[in-house]
Each structure stands twice: as structure tokens, then as C-alpha cells.
Amino acid sequence: MNQELGTTGTGGARRRPLLALPNTGYKVLLAAAAALFAALVLWFLVAMVSKSRPAFSSLGVSFVWGRTWDPNTNQYGLLPFILGTLETTVIAMLLAVPIGLGCALSLGYLVHRRVKTVLSTAVELLAAVPSVVYGLWGLIVIAPYMRTDIEPFLSSVFGWTGLFNGPDGGVGILLAGVILFIMVLPTMVAISRDVLVAVPHDQVEGAMALGATRGQVFRKVVLPGARTGLFGAFSLATGRALGETVAVALVIGNSNYIAHSIKSGGGTLASLIVNNFGEASGTELAVLFAAGLVLLVIVAAVNIIARRLVRRTARSGATSVAVA
Amino acid sequence: MTALLDAPPDPILARRAEIRQIAAASVKRRRVSSAITLGVCQAFLVIALVPLVAVIAYVVAKGLPAWNSAFFTETTATDGVKNAIIGTVVIGAIATVVAIPFGLAAGLFLAESDGRVAGTVRFVADVMTGVPSITIGIFGYIAIVSTTKQYSGFAGAFAIGMIMLPVIMRAGETAFRGVPPTLNEAGLALGARKATIARRVVLPSALPGIITGVLLAVARGLGETAPLLLTILGSDFVHWNPTKPMNALPLVIYNNTNQPDPSVVQIAWGAALLLMAVVLVLNIGSRVTAAVLQKEKR
Amino acid sequence: MTEPSVAPDTVETDLGVNTGEVFVERDRRQPVMRLTNVGVAFAGKTAVRGVTFDVHENEVTALIGPSGSGKTTLLRALNRMHDTVRTAVVSGSVLLGDTDIYTGGIDPTLLRSRVGMVFQRPNPFPTMSIYENVTAGLRFNGVRNKALLEEAAESALIAAALWDSVKDRMKAHASTLSGGEQQRLCIARALAVEPEVLLMDEPTSALDPIATKRIEELVGELKSRVTIVIVTHNMQQAMRVSDRCAFLLMAEDKAGELIEFDATAKLFSDPADPRTLDYVNGRFG
């Protein structure tokens, strides 16, 4: 069951109230609950902004793209961490999109009906594993393997790109990206599968009846037909990757410098916050609040776009064309 | 319509022949291409399952040996996690006990109204389910730790509750919306009081969805680490008092992972197994419950 | 009600191109498709059984009968659409020309370029323009030559009585067309591949009366170009458009059976079987 989406309102049509409540006390109680929730969120946003303000008033805005993070010299540049966030997310999505789509197509159209539920559940259970466990596993199990086998191999094959300079550290941006890929894969697969299967069967049959092979049906009818929803799945997965904290902090080989290769250590906005929050005070603390605010805004924006895209597909999926 | 033998050939037939030829010539290429596409898709499915198996296998293999009696009776100061288990239970319980009624009430509100206000609240809840948990941790810090000048289990419960709340709200709304209006009307027709209808008719009908949503929310809440890192500080003492700093399983895992001493890392694996087992059981349990209750509904 | 038409003997050169097993020069006086004892079962349950009749070239053959009698199931067996259903088993023989479409070594995708299909609800591809829709079948089959694509598209759209409406907006999306126009687009799309047989599964049941009438006229015009097999639950439609009819009925075990197959005129005025008589007199639906 996809907890991400739930249902929307009934699109404007006036629905008869579920419990034609005469008891206003009851109604007030429900409304109060909703209002309290809204108030909490409002408090959250206001607090984030106000706690970040000292950073902007004492450092200006430029610290957001400042290149150096060195509290000792009062430099709080966030650029290394913004780049780190982007780099790890890009690596994760470069892997998650093809593998997620292939997996979703298989689950939606290729696997036998009887194993479909088991396999789908298995992929979705990947999302249930706590992120800190991924961090532990990534650091203890995968990092050594990265250092001794995978990174040397990739360096030899792709070294010419200039992305693989430097020593094989095991931990670093690359490992963080790979762990993130594993963590966002279930989101990508579950939502993609739903939108791919929502492509009206009419069209699939229409293509087959013209003499298309199954591969052609996938490439020319199913994938294009679901493209809005697929972009939504992509966005939701990206939002997840951007905001992930502990798994990344454990495997990224924490460094406060701009990473010069994807094998080197780095940091993300989230790992910066979690590593420094405990001991920070004054300007540094305010900057951390600001970093949290930046992260919040980016992830919220990505999520909003994503939900709009997925909803549009879900709504229009039932009727692909108007019939006179 | 007859045509003479030396008239120009019928263009349709000519085209038909040409198309047949092209189609026949390309069929092998197309078959191979299709087979490759399908093969790649299925290979990717296998690739996606490998990490799942690997993670579970390693956690079980490395965590099980850690489960000796000391693990469950000693505190984090002496190779055990008793205080962390208690902390996870206390924090989880507080968060759940507050978030469930709160979230279901708000969810019912959303299910009942389609107005602009409800629409905004729904939108906010949706966005909040995807917000980075570290920022919720910051909120918990600001709301409780800053104001009480103290790290505490309550602060952690507040943050975990804030994570669970929007999930329960939306799951609740979906479940309540799924109740067919006719059930309500039937109750009314039989002359029942409206509050009775709510209790006897609506709630049982929405129950499967509610249980599923709640179990999933709890599973998610228990597995979160980042909010705890900023709110509960950690502690080596065994106690049940949420007004003081506490420890919790995710925190133990996080703190122990990077340590050089292998016996400390061993504790992390043990805690990871325990945490993962609980979360997976809740997840699978929620699906099974949903399936079973759905069948009974019919 | 028309007399069954027979292809004139004096037709000019038949450009049969021999590409091995795929396209075999045919004797024009043979039926285009011969069904012998055709049956379809899903997971052991028979949906239709023992159907035997011939489909004659350049005629319209209608499959009629009340709902549930297996008409659509039978139709879909003629272009191997049941291949995608795991639990489906097709028995008997379906000959296209001289080759059995199931056992004769024909590639199913090639078969479907020779036996096209139009569905009950119009199903143009929403992400493609009108031009892309019409040429979709050709492109699926490997045709890349632009001149050929344009020529086939124009010919098909003219045959579907759509050319004048769309020739100036070929890049527009299919959703800008009305329901009846979309169905004609689907017909054009199927025609562009120049199939020998066109299967139509209740093509007008989702359309309004005016659009229905236009498509019925179209069917009459098209039969000189392709052989048509049409499923319809509307008796009057069958009377209007078809040359021969196959009447199917559901037996007690829910399997469809062929009751009678004959020229339309005869079937409706003087049927051999009393059940046919009941049906055409509207005694059951």
C-alpha cells in the first residue's frame, strides 16, 4: 500500500458529509486537532527562520555559497556541503532511475502473477530498514569492499573523466551515493510501478495489435504514457535522497572541504548539521539553523512538484482520451 | 471493376508488398531488441533485491552473536543496551500515545471536509511527510530542549511524534474516506444516534486502514535517528524518566558504529538486529493485518 | 443487405512477393481465412468451442449473438491476441491463406501486421500526434522511409474519411479529435500497415448514432481494400454492413458455440436453426 499518496479531496464535487454531525462539540474537537497541527507546522517554520536570522545578519547572504568552512577563522561557507548534497543525490539517482524503472516494468508487466506480491513487498521492505542500519552496514561491510575492489576498478575504467582522482578511501561521496541509491530505490520502484501499470491496457493492446514487440510496447507506449508520473516518482525519490542524514553521515568520510573527486570524503548539509549541532554555539549554531532551513526549503519544493506530477497521472490515467 | 493487364499496378498492393518485405526483414532485429529490453528489466529486478538480502543477512549474521544475556541486562556503559531499549520503548510509547488520537482526529476532520482550509491542511501534511527528519530534530530542539534548557526523552518523543503525526493523519483520512456513505445512512435510517454511528459503524469500517497506517507510522518513528541525535543526548543510566536525557537503540547504533573497538561495534550490530527486527515485524504485520481485515470486511 | 461479392476473375497482376514463409502468393478464389474447430479456453474453462467457417476475401463477415457468446474471444483468436494471456489455450486451426497462424511458423508480430484490429473504445496513443499515431504501426514494423510513411498515412486517412479534417493539423494531438474521429483515426492507423484482414470489435458501441453511421458507411467502402470481420451486438448493424454472418450462442456450460453461418440475407430472412430465428426476431438479447 503506498502511504505516500493517500487520497486527495474529491476534486471539488460536494460530497455528503460522512457523519452528518449535529454535535458541534464533536466538530470543534476535530477542527481543533487540525488547527493544532497547522499551528505546530507554523511554529516550526517561524522558528527555523528566526533562529537562522542571526547568521544572515552577521555574515550576510554570501556564506551560503562560501567555499570554506572553518569555525576557527569565523568562516562558515556552505558550498562544500551543498555540492556534497547534490553530488551524492546525483549518483544515487543515476543508479536509481534505470534500475528502478527496469524493476518497476518487471514487477508491473513481466513477473508471474503469483510472485508479484512477494517480490513487490520485498522491494518495498527495503524502505523499512532504518537508515542508521544502512549506515552501519555501509560502513562496516561495503566500505572495505569499495576500497579494495570497486574503486580501483572504476578508477581504471573511468579515470579519464577526472572524477576518480586521489586515493581509494572506501568511504566518500561515491559510497554515500550508492547507499542513498539503495535507500531511495523502493520509493522509485513502488511509485513507478503504480504509474506504469496505470497506463490504460487499451493502448498496450492497440500497440500489440499493430505488430509491436513487447520491447517496443514498453519503449513507445508504456514509458511515454506514464512519463508525468515517472517524473513525479523521480522527484519524490530525489527529495528522499536530499534529506537523508545518518546513513550519509556514517559513510561519507566526513570532510569540510569541497570534494575534488567522488572517491574523496565530503559532507552534505544534513551531515554537517548532525555532526556539529551538539557543540555549536553562537554564529556557528545560527549557520546550522540556516543550513537546515535551506535543506528544508529545497526538499519541500521538490516534494511539492513531485506530488503534483504523480497526482495528475493518477487522475488522468483512467481515461486517456475523451470520447464523444 | 476490371482493369487491363497493362494498366499501372494497384498502388495499395504495391505498398502492401513493400511493407511486408520491410517487416519481414526487420523482424529478427526487433525480436532481439525486445528480448534485450525485457532481459535488462528482469536483471534490474534481481539487482534491486540483492541489497535487501545482503543487509538482512549481514545484520542477522553479525547481530545474533551479540545477543547474549549481558546485551539485554547491562547498560551501554558495560556492553549492554538495556537503557537504550527502555529509552526506545518510552519515547516510542509517548510519541505513539499522543500522535494516534491527535492524528486520527485531524484525519477525520480532513475526511469530512473538502473546503479550502482542509485542502491547505492536507497539503501541509503531505509535504511534512517528506520533510528531512534532521529538520524535525531541529524543531524538537527548538521547541523543547531550548525552552526547558535540557535534553530529555520528552524532546525526543516530541520530534518522533511530529514525524508520525502527518503520516497518521493522511492514513486516517484515506481510511475514513473509504467508508461507504451508505453505511452511515443505513445507521441513520435505523434511528441510531450519530455518536453511536461513529463508534459502531464508521470506526470498524475504517479500522483496517487505520491499523495499517498506524503500524507503518510507528515503524517509521522507531527507526528514525537524526531527530533523536539532537534531542535526547544519550545516557548510560537505566531509567524510565522522560524528563531526563535518555538513550535509544538508533542512537547506540549511530554512536558505536564508528568506534575502533570491535566489541563496541558488535553492540551496534546487536542493536541493529533488534531494531530492524521490530521495524520489519511492524511493517509485515501491518500488511498482513490489512489483508486479513480487508477479507473480513467482505 | 447485399449479395456476397466475389472477387472478379479478371483482376490484374497480383503482386505476390515471396519472402519465404511469410507471404505466399494466394489463389484469389480461396477464402482468406479458414477456421476449423476453433476453441478458446481460459484456465481450463472453455469460452468458445468448435467454430468452423470461412472468411471470404473482400467481404464483411459479422460475428453476432447475445453478450457472453464468445464473439470477442473468437475474434481475438484470429490475430493471436490471446498470446499475452497466460491461462489462454487456443485449439483448432486458423488458416491465413495456406498457413496455420498458430503452428505454421509465422511470427506473431508479423501476423498482426497482416491481420489488424480496431477496438471497441478508440485508443489512439495520447503522447503521439495524429501523424505519429497513423504511422505508428508502420514504424513498429520497421518502416523508416519517410516517403513511404507519408504516402501510407495519406492513403489510410483518405480511406478512413479523415484526411480532409486532419491534413492541416497532423501535428496536433489525438485528444483534440471527437470520439468518432478518434475511432476513424484508429481505423486509419490499422489500415496504414496495409493488412489483408481487419478485425473490428464492436467499433461503434462507444459512439453516438451519427458517428456510428459514418463508420458503417466506411466499412462498406473499405471492404474492397481489406477483408473485414466485425463483431457486433447490434443486429441491425449486422444487417446493414455484412455479407455473411456467424451466429454464436452461449451453451449451458457458458461456452460459446457457432449455431449458424450463412449469407446475411439468408440468415436473417430464412435461417436454418430455430435459435437463430429467435435471435433475429429479437426474442432474446
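Order of writing sets the labels: A, B and C. Residues in every chain begin at 1.
Everything below uses one rule, namely that contacts are C-beta pairs under 8 Å (C-beta built on N, C-alpha and C of every residue); 3 or more make two chains touch, one makes a residue touch a chain.
All values reported here derive from a predicted model rather than from experimental measurement.
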| item | value |
| --- | --- |
| Touch-based graph of the chains, sorted into line, ring, star, complete or other | complete |
| Relative to chain B, chain with the most remote C-alpha centre | C |
| Centre-to-centre distance between chain B and chain A (centres being mean Cα positions), rounded to whole Å | 14 |
| Cα-centroid distance, chain B relative to chain C, in whole angstrom | 49 |
| Multi-partner residues of chain A (each touching 2 or more other chains) | 211, 213, 216 |
| Per-residue multi-chain contacts in chain B, two or more chains | 23, 30-31 |
| Sequence positions of chain C contacting 2 or more other chains | 109-110, 113, 141, 193 |
| Of chain B, residues touching chain C in the complex | 1-5, 7, 9-27, 29-31 |
| Contacting residues of chain C [partner chain B, same complex] | 8, 10-17, 19-20, 22-23, 107, 109-110, 113-114, 138, 141-143, 148, 151-152, 155, 193-194, 196, 225 |
| Complex contact set, residues of chain A against chain C | 112-113, 200, 202-203, 205-213, 216, 220-221, 224-225, 227, 320-324 |
| Interfacial residue positions of chain B with respect to chain A in the complex | 23, 30-31, 33-38, 40-45, 47-49, 51-52, 54-56, 58-59, 62, 102, 105-106, 108-114, 118-122, 124-135, 138-139, 141-143, 162, 165-167, 169-171, 173-174, 176-177, 179, 181, 184, 188, 194-195, 197-198, 202, 212-213, 216, 219, 222-226, 229-230, 250, 253-254, 257-258, 265, 268-269, 272, 275-276, 279-280, 283-284, 287, 290 |
| For the chain A and chain B complex, residues of the former touching the latter | 1, 3-4, 6-10, 12-23, 26, 29-31, 33-34, 36-38, 40-41, 43-44, 47-48, 51, 98-103, 105-107, 110-111, 119, 121-123, 125-126, 128-137, 139-141, 182, 185, 189, 211, 213-216, 218-219, 236, 239-240, 242-246, 250, 270, 273-274, 277-278, 289, 292, 295-296, 299-300, 303-304, 307 |
